[in-house]
Each structure stands twice: as structure tokens, then as C-alpha cells.
Amino acid sequence: MVKYAMAVDLDRCQGCRACMESCKVENNTVQGNFWMYVFRFEEGTYPNTEMSFLPRPCQHCDNAPCVKVCPVGARYKREDGIVLTDTDRCIGCRYCEVACPYGVNYFNWVEPKKAQYPVVNWEDEDLATVTSGAVPPYRNPDLDELQGPEQRHTAGGGHAKGVMEKCTFCVHRVDKGLDPACVATCPTNALIFGDTEDPDTPISRYLAEKRTWDLLEDAGTEPRVHYVGGSPPTHARVEIERPKARA
Amino acid sequence: MTSHDTRTRQLPQGVGRLTGPWWAFIAIASAVLLFGVYAYWRQASGGLGETALADTGTMGGATWGLYVVMVEYFIGVSFAGVAIAALARVFHIADLKPVTRIAELLTVGSLLVGLAAVLIDLGHPARGLWHLLLYARPQSAFFATFTLVGVGLLLASLVYLFLGGRRDAAIMATYESRLNWYHRWWASGYTDTGPERERHMRAMFWLSIGIVPLLVVSLSTEGLVFGLQVGRPGWFGSMQAPDFLVLAAASGVANLIVLAAMVRRALGKAGEAVESAFPWLGRILLAAALAGLYFMVVEMVSLLYATPADERLIAEALLTGVYAPITWLSFGLMLIGLAILTRLAAKRAWHVGPLVLASVLVSISAFAERYLTVVPSQTHGMLLPYEIGAYFPNWLEIAVGAGLFALGALLIGLFIKVFPAIPMTDEEEVSAHA
Amino acid sequence: MRRTLTLAMVVVGIALAAVGYVSSAGWSAQTLADADPAFVAAPLLFVVGVVLMVGAAVVYELLPDRE
Amino acid sequence: MLPAATIEKYEGPISATDQYIDAVTLRIPPMEPLFESRGEIDIYMDLCERIGTLFGDGGYLSVVNNELKLTDTEFALPLDEKPTVRGIFDQWARAQGIEEGIEYFEDPSRGVFVKGPMKPTKVYGYAFDPPFGGALHRLYGESLLDVQRQMIDKGAEEAYYQDYTPFPTWRTPTMDGSPDDYEFYLISYHQIEHKQARTSFIPLLAELAPGARLDIHPEPAQRLGISDGDTVTVESHNAVTGETRSLQTTVALCEAIRPDTVAMPHHFGMWTHPQNKGQGASANEIYFTGKGYTANTADQSFHVKVKVTKGGGA
């Protein structure tokens, strides 16, 4: 049985936020939603200040509070460890969001617009000859597929008003044997993804070699995202350079 | 001992007589309700994004806001109504009997308002109803909200209202009026014979015995909606359930007093019967409000004394930060309310004016307290060092909330014109031909 | 007759509620993937059970006396 | 396909000349590209292959043949076969008359191929005969000195010519002549998300790095009554002319910055793309050029003192 996990090497992360960008393009999330989020922290007082970074995807907890509180079973955990939202099942009560200590849930407050990033007219025929008809960043056809053995609508999520969405570990890519978009994009290989049951995968070797820690270990959520290097964040760290949606 | 010929003229307690003030009340309540419906239409078409709600964390908002506060508050209020009615019946407290129907009405009304607020808060309300029936999971603390509270408690209080009203309905059916068919339907063959009375008492007794645990269980789960959240500082803890109950009792009794005073005023002479209940209700409110204050103080002391780092932010926000005005307003109103109640108790004179004032203060305090339970843990309770968030309901949420409140008021207002709000005295006979 | 029916409603109500409650989620499921009720609309059964229990009071009082 | 490698890739040909001798060399990768990165030529070839413009006349390979002057020679790359990057440069090296091909450049003891004395006309399109009008070839510093002398001759003020100096020397920065209430040094900087002012119209990038801001230390901010997110007016002062310029932006408190310095990213506000609207002003708007502030050696450019006041201002 496959069990997926992710390792985040904070000694390698340079805080470039390319993972956030690739996540948005891959999953077509609406503006202001960051399934993968990279904190940029500042700590200490001048002149003894230090900067640090902390990528925060969904932790895909083994003891997931969001799964427990979901009143209709829309939030569930697959056997391979991935925690998903069935967007056809979700009633939009947002209980998962208040239950999650990591703040990874994003609600579709309004109807996601087709042209949420209106730059170019993707319907232009000349453009289509160059892009083979692909329309980034809106609409990756894979996101419309039913996923996994449960055959539920779980990929994407930024398509429907009134339902919850969050990081899926790019389930539509993982099911094809690909890495999640953030992992595939990371220029410093700070993100490592794979099967932890097989001892020969890069992530298994990585986790065996390195000392790891989990985010908010005290919460007892047993995350499947493990951190290497750095140190757990405290409230002494002040977040700087926050991104935001444009009006 | 009214004779049959007078009965053809006027129904008791102003039933069926639509007065000017009543029309004014209905007009105002309808206008507020209509505006609320318009606001909700805006929300339903544009999405919950029309409200001031926003995601916790990177967006620095509260994902649960005024609507959830209303759910918690009104489900809490519903507790007192049916509990007082049950108390009056199980222990045969004659003084409380005149307010039993008002209490039941309050329960039904506030439950409807609270449950409507649940639906209004959903991103997919229709899907909510349907999927809860198909897939609801007992592991979620929401399970009880819609099964035990939404169905069990609502149905039980309707049954209470129905069975408890049959005798009055039978009396009303002896009057000739356009509502006669309705009263006959409600009376459903009741003739006030000895065995019938006995059977009624037995049914009501067992229903009362059954409903109290149902209340405690279902309302405790309402507190557990918050108390089970380990990831949300300020929420997690076993105090949430009893805290919810105590505050529910205080706000419920306070609302009952206000409603009873309004009914008394509306019914004129006939309404004076409810006055026998005020000393009882006043004492219960005093006890509940004292317990409520106790919980408030204990909470504040623990916040001030030994605060885990993650809860310190919330503590500061509550005591000295952005929520401090609400905190101290809630605390102050509760104190003033208690002072008035204590004075009334000491003088053993439960004057309606000060009692209602105290009730309104306690009620507002309880609402503020619910707000402080729901909101600050979301804006200030992120365990990861996100930016501090902010939330305050916008006009749309307030309009929808006011509309919901008006809906409850409208239901009760309509009810008192089709049925006696105060149970009739034993002297009034049920005519044999009813 | 009335007593029996009332009692039956209460007992059946409790039974249905219990079955509905237990079946509403896979309590024994090894993984959380199986978050669905054991059978379709099991929660509805719980609700029906609660309705029967409360409704028993109405039946008890309204059913005409045969004696 | 992306990202591009930095130094660990083939690149060239690079002319290596001391301006008298004409020589040429290639950048040979010192190691395999890091992580997932690859050289640009690999990326271009894959890209062209994917969109169908690699092969044939007018394709990428034919352009490479033209650029490397291989067309119609025996070393021309075939237009129907995808070469390796090393292969391309090998062909080029042979076309230069190097028998060993690219191995010549891979040999650390050689590496540079000397072609012989350079013909001035080859390098300088404007060259005369005799070269440079008979003038001697000058050092850069000599040019600066010449400019300085010309400016003095024409009666320019010292503030203008002082920085045209062959020997970089310390002098008090011009900006320090501004009045004391211009208390902050303004520096501008580059954000990792953006490339100059060219990318801020890209909505996805603008979401991550959403606009201009003024980084300021909390201590002076508190003194000025400014808190995080406030709108402020930043006014710069030209110590030579007394001219002031100002812009409005929002404040980001930052503990790591010197308390006497404020900073702004330079990506925003200078671009006319409609998607770039509403992102705020660029720090460049309040820097000065001209006397005292334009420099070639003792760099005074992008050095200005500013005052920060709360609110939108005028």
C-alpha cells in the first residue's frame, strides 16, 4: 500500500514562492487562495534580525481534524494518505476551516471567474495555434476528472461557488505517477514527495537520513508533511511580504 | 363562568381582534423581514463573499461570523422555553403555568430562527438539507445540531405546544369565529373528561422527563462544536459545553421574561395572569446570570493568570485589544443586570419594569458573549504566525440577522392572534359539544 | 392497544435511532476514506427514530380509547 | 523544460581579445547543470521541437547555421536531425579550422583559440583609416579626465564635473547636503518575483508581490506616527538644486532595515501596461539625475535623502 508524504527542507528553501505560483497555475485556484503558501518571516530586532521561510501546503494529517468535523463526509482521507474534499458533496459549512490549525482551507466565497487573471484573450485563434489550445491558468482538463478508487470530484476546487477547497497534493498528477506541481517546480529541490512505504524512494531515504519535525506537533494531527532543518515557527516570527489578491 | 351567548361575541385574550398597534408591529416586522430577504437574495446570488466573512489565515478573517453567533445564541435561547415549560409541568408549579405557552412559543420561534441561521450560513443550503439526511456523520459535532436540535427538539416542542394547547383549543372551539375550524382541528376531539386529563398529564410528564436529557445532550454538543477544536486556542476545553448551557439558560429566561412582559402589555387585563411567573423567572434568571458571571470571571482569571503562549493573543485581544469594548460591555451589562435582579430579590418585589430592563441587559450580554466565543479565536487564534485578522459583520449580515429575528417575532405575533397566549384557567369549561 | 402502540413506537424509535446512529459512519473502518454511511441515508433512519420517539406522545394522547 | 542553468552550460562563441589580438573561446560547463536546470540551447531546441520549428529551412537549426556561419560549408548542421549542444559547437570549432574540434576548448591548457592580429575595421564599425583617427587607444579613466577637462573649459560647475574623475575618491555624498528633515536614505531594491519593471503586469506575479511599498524600521515609524499599511508621502530633496519630488505609497514595517534608511522595490509604476495600474509608484520617480547625482566612478546615482510623512499629502 502506497503512503504519500512530503518533506520540506527549510535549509534549502530560499523563499522564492515559485511553488505557490506553480500551484496556482496547475490547480487554477482563485485569486487570494494559496493552497501552497510560503511564509516569509522576520525575527529579532535590528541589527540582530534573521529571515526565514516556511512553505505550508495542506499537511494531509493522519489524524485530520477537518475529516473528523466534516458533517457529510465531503472531506475524507484516502488510503494513500491524501486528504481530499469532494466538491460535489461539500455543503459549505466551513467547519473544516475552523477545525484546521494550519489555515490551509480556502472557501469559494464567490463564483470563481473564468477570466480571473485577464491578461490575454486565450480564445484568440492565432494564440491557440501556439498553445495547442491550452488555456493557462484557467482550466486544466485533468481537474474535471473523477479521482481515485472512490471516483469523486476532488481535484482542482476553484470551480464552484460555496464549496471548500485546499491543497490536494495534486492528486490528478500523483495518480498519474507525477510529482505535485510545487515539487516539480522547486528550483532548489527543497520539496520532496513520494511513497514512504517503499524504503528506496528518495523521500524514504531522505526521511531516514535527516532529523525531521512536524508543524504543530502538540496538536496531535500527525501530519504527512515533514520538515527538515530550520526550526518550528513561533509567534516571535513576524510575517513580512504578504501576498494578496488584487481587487 | 361565561355563558354560551357571550361566547358568540368575543374570543378571549384578544384572539382574532386585529388592533392598530398589532398591525403596526406586523408592518414593522414584515418590513424588516423583507429587507432581510432582499439581503439574503443578494447573498444567495453573489455568494457568501457579499458578507464580511473571509478565510482565516492568509486572508486574516473569520470564516464563521454573525450567522454562527445567531445559531449559537438562538439555539441557546430555545433551551429555556421548553425547560421552563417542563419544569412547570413536572413539579406542578402553578405560578409558572401562565407562561408555559409563551415559553413553548419562544422555543419554537428561536429554534426556527437558529436553524434558519444554520442554513443561511451554508455555501450550499439546499445541498445541506439533502446531504445531511444522506451522509451525516455522528463524528461531527454538527450531527446533533441538525438531528437532535433540528428535528428532535423542534418536533418535541411543537408536540408540547400542540398537546398542551388541546384543552384551550377545545374551549376556543366553543366560540363562533372564523378560526373555529382551526381550533377544532387543534382540539382534535378533546372533551376534558377525567381520564383524558389524566392521560394528558401522563403524556406531558413523560415527554418532560424525556425532553430534559435531550436538551442537555443536544445543547452540550452545541458547545462541543467549539470545545472539540484542538487547533483553535480559546475553544478547546470541556468548559465549552457547560458554559453553553449556563449562558443558554440565562439568555433564554431573559428572553422569556421580555416576551412575557410584551404579551402582558399586548393582552391588557387578560395578560396580568403572567405576573405570577415573574418572581420565579426573576429568581431563575438571577441564578443563571450568576452562574454565567461565574463562568465569565473564571474564564477571565484563567486568561490573565496562566496563559499558554498561543492563547495570550486572544486574551489580550479580549481584555485590552480590539474585542475589549465588547468584552467589557458584556461584562458590564451582566453586572448591571445582576445588580438590578439582586435588588429586586432583596426587596422581594419583582416589578416588571426593572425586571425587563435586567433581562434585556443580560440578553445583550449573552449575545455579546456568544460573539466573543465564535469570532476572536478565528482572527487571533491561528497557531501558525499568520497576520492578526479582523472581522465585523457588514450591513448585509446584519440585515439578514435582523430579518431572521423579525421572522421569529412575526411568527409569535401572528400566533397570539389565533390562539390564547396564556393557558386558560381551570374554571373555564370545555363545552360538551366542542 | 394505545399503550402497546406507544410503547412500540418508542422502542422502534430507539432501535431505529440506534441503528441509524451506528450506521451513519464507518465506525469500524480502518481508514478514514470510508467516511460514508454504511448504507444510503442511514442518518435519515436516525432522524425517523427520533421522530417516532417524540411522535409516540401524540399517539398516546390522541388515539381514541377503545375501553 | 525550465529553469535555465547559470554557468554550467555551453555558451559561445565568445570573442577573447585584448583589442590587438583576435581570439575566440567557448564557455565549457564545469559540471553538470544543477538540479532540474538545463542550458538555454537545450531548452530552445526542445521548445522548437515541441512547437515544430526545429527542423527544415527557416527552422532553429538553419538559424544556428547562419549565426555560426556554417551554412553552405561542409560543417553545416543537417536540418533534419536534432544535434547535441556539444555537437553544434564541435562543428563550429572545426569550421574555425581547429582540427580537434571542441576538444581544443575542453583542454584547460589551451581553451582560447588565437586567430591572429585584429583588424580594427572588424571590431569598430566607425573605425577610420588610420584607426581611431590616429589617436592612441585610451584608458577609461583617461576618457573621464578628458570629459572633466572639457566640462571645466565650458564653465560647468564643480557639482557637475567632480565625479568625472579618473581615480575614484571619497567625497561626502551629495544627498548629505539635504536639510536635516530629509532624515532617511532611500534605497531601491529588487524582488525575487519580478524582473525590472517588465513583469509587474503579470497578474499571477502581481498577486505574490502585489505592489510598491516603503520598508521602514518600526522605531522611526512609531516616532512619525506611522503604522503598518498606512499611506505615506515620501519626498526626496535635491541638495544641489533644492528641487523636491514626492510619491505616495504604503508602509511595510521591517525590523531588518537600518532605522535611518527606507527602501522601496523598483518594479512598479513605471510601466504603461493596463494591468500594471494600481500597484503604486516606483522609487525611480523620486531619484535625481543631473549635477551632483550622476556619476561614473564615485557613484552618486540612486542616492537621495527623503522625508516620510503620514498621509496622502499633496
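Per-chain residue numbering starts at 1, and chain names A, B, C and D are given in the order in which the chains are listed.
Everything below uses one rule, namely that a contact is a pair of C-beta atoms (placed from the backbone, for glycine too) under 8 Å apart; a residue touches a chain by one contact, two chains touch by 3 or more.
All values derive from a computational prediction rather than experimental measurement.
For the remaining chains, with chain A not counted, the touching-connected groups are B, C | D. Nearest to the common centre of all protein CA atoms is the CA centroid of chain A. Centre-to-centre separation of chain B and chain D, using mean CA positions: 69 Å.
Chain B and chain C have Cα centroids lying 27 Å from one another. Chain A and chain D have CA centres that are 35 Å apart. Each chain gets a centre from the mean of its Cα atoms; for chain C and chain D, those two points are 76 Å apart.
Multi-chain contact residues of chain B, defined as those touching 2 or more other chains: 132, 134-137, 139, 143. For chain A, residues that reach two or more other chains under the stated contact definition are 32, 70, 73, 238, 243. Taken pairwise by the contact criterion, the protein chains fit none of the simple patterns, being neither a path, a ring, a star nor fully connected. By the document's touch criterion, interfaces exist between A-B, A-C, A-D, B-C.
Touching chain A in their complex are the following residues of chain D: 3, 35-37, 51, 192-193, 201-210, 217, 219, 252, 254-259, 275, 278. Those residues of chain B lying in contact with chain C across their complex are 132-139, 143, 147-148, 151-152, 155-156, 159, 162-163, 166, 188-189, 195, 199-200, 202-204, 206-207, 210. Considering their complex, residues 14-17, 20-21, 24-25, 31-32, 42, 44-47, 49, 51, 117-119, 130, 137, 187-189, 238, 240-241, 243-247 of chain A touch chain D.
Interface residues of chain B, counted against chain A in their complex, comprise 46-50, 53-59, 63-64, 121-125, 127-128, 131-132, 134-137, 139-143, 146, 225, 228-232, 309-310, 313, 378, 382-387.
Those residues of chain C that touch chain A in the shared complex are 25, 31-33, 35-37.
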